[in-house]
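Pasting in a structure now, in structure tokens, and then I'll have a few things to ask.
In order of appearance the chains are A, B, C and D, and numbering begins at 1 in each one.
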């Protein structure tokens, strides 16, 4: 019998890789998506039953094409993890219209387009999971995040709309609020104190995976995640 | 001495006209902006010292041009009321990518672009007001508002970023949550019961104007407005 | 014809006095309530048509008695401003059960008891205003505010319940989030920079009074108020 | 080696029993607390290594006594689940002062007192879990929940304060928002449609237990739980 398929959109060496590893270890074949091939090859070689796809989520035609190829090569999608994110740091004074549009397209429009394709197919089966990766900025518009926070708030609202429409159809849409700095290999070379201050991608992935195991009588939409020493 | 200038972006016979009338009655000359000229002529004739400008807020070049013409013809802007709004009703299943982008541009990108131009000039004077008109959907992503709510959430977050950056520079950014149906002339032909269920644009405008009179020691960012019989 | 009556619960030289002065200047006779007589005499002498009442809001019998005396001496109550507040600073570790209970009774139970008496009478007339004074802590439980924030959150929730029940009966319940330090005379002897950092009680009172003038088609429940230089 | 100890405060045949069963199955000895002995005997007989304690959480002396007995009989507490809840349904008009005080004491003061005792001991070990069971009313003051919602909001704010103070000391405080009707045996005799509308206590307990397994780099404070068909 075919393994269930997990698609991770936005794969780099941090959270994206951790999601892929976790779902792979739990028995999924994994589709790895990123804007360029470099890191995908490396991660694909590490995992069992993983395929990689180059996809620019600001390009709706590419999204449709990649979705179609995944369906053909890996079958129906059990879980979509939307981890693509981008954020230009700016105030309203130095906000750049092209970066603003790009931030919105990567965080929000791409999420809507990919989710729409995936959901349409999941609705027929009456099951599936869509996990969307948000941030502190999803809930708070800081002065220096005029572009990124606005895009994340748009994504958060979209995820709510999706949950309210798709839960009754059996599709578990959930949203992670990553409320702190995420550790990467280089950051974790630092002191013990520094290590405590960072979220470990593998720990984030554990909670993401848990959400896909919740029974329908008690589903969660939103989960905040932060280091125990974080100020909030 | 020149009257202070109030710019109302998004002028129709509902809230837009009410904002224009209120600020005009309070001594402002008013710039009226809408996508087409039809209603602008009628309202301009009704008011004192009003000028009208055709402006499509999805077009950044038009925004820059109209802003420049207003500055030339009416002087520095004391108050910007961003009332342009648009919302396609859809779930994630039938969300249309072009409508989604349009909703975001009208509610959010246009607001950023117009505010950026206005704020840059207000910062030099160390004063000014930017009032942005939101909705229930700014705070809640309903199943049938996948496009509109996402755009409004993006706008709401942007307004927060703007407030946090611009308040200390003397510019009062505030956000109205219009939480109920807004009465228009035709709706108000109904029964007394019906009338109670609608927000009156002139009552909304009274609160918007009040915000521009608050002293700096106690400014408000967010105000919810709803009929007293509304369920919430 | 009798002047409308405004009752201010919790009168000291800061916000309480400012509410009393503002409503008095706007044509109200004012009932001044505090735990002890000292400051009441001074303020009563300053105002026109003011009466003072000693009232411990943790004592339900005193609340009932004072309410009855106000009704007898000043007639029906047009506006109640509940400004009584108290907050012990503590973490969960050093929270004291008696202080915790006292904080809850002053901020929350007293508000419920006074509002219940006032609302019952307002419902018969189909009009009236109840303004409740909250704080940052109403929305956020900080580590060092285990007692105060919990009491303020209870008050905020109570105010919401009251608004949802009483608005349709014509009674405008509203809640102020005072999000910053409030200036008192001594604080305002400081530098210009210091002055900017404080809310002026008279500015808070201006917004409180404005809320009582809103038309029923567009009532506000919650208003945040903070100095323009405040971080939030 | 001694099994870790889990204390469940507020044990009845619904959520309380489910928490006890889950932590027991996962290897904990369990202390069962309720106001009266009746159900405790039955559940204690069903579980391995469970002890029952009669405790009225409105009585601070009883809380201190029971805590001390648990420590003596079962050793240090690894996890506290505070599930005691009570809510009188009322509007501000028919709120009863004694019920209001009782609701606050059961949901909030008892939680503070028990948590304070448990936390003081956990701080010394630098680890432990405190899971607090909230409800929709924790976040929303409905018209008919003037007493219950106010108590739950106070509890929610307290939990936030506790988390902000205790997380850096290694104690994971988390809060469950139970957003829907919880199924009990009798309710679940209904139709399939009815069953879908109820949260299953065992499913709630699965998420509560998961929270105690999260790694410190990515702890969650708040989790919403509702049936997939619930409107929200």
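Everything that follows uses one rule, which is that contacts are C-beta pairs under 8 Å (C-beta built on N, C-alpha and C of every residue); 3 or more make two chains touch, one makes a residue touch a chain.
Protein names from UniProt, one per chain: A, B, C, D = SDR family NAD(P)-dependent oxidoreductase.
Quick caveat: nothing in here was measured; it's all calculated off a predicted structure.
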{"item": "Cα-superposition angle relating the copies subunit C and subunit B, to nearest 5°", "value": "180"}
{"item": "Mean-CA-position distance for subunit D and subunit C (Å)", "value": "33"}
{"item": "Approximate Å spacing (C-alpha centroids) for the pair subunit B, subunit D", "value": "45"}
{"item": "Sites on subunit C at which at least two other chains make contact", "value": "164"}
{"item": "Chain contact graph, described as a line, ring, star, complete graph or other shape", "value": "ring"}
{"item": "Touching residues (chain side subunit D, partner subunit A) in the complex", "value": "164, 167-168, 170, 172, 183, 196, 198-200, 203-204, 206-207, 210, 214-232"}
{"item": "Interface residues, subunit B side, partner subunit A - complex", "value": "60, 91-93, 95, 97, 100-101, 104, 108-109, 112-113, 115-116, 119-120, 123, 137, 140-146, 149-162, 164-166"}
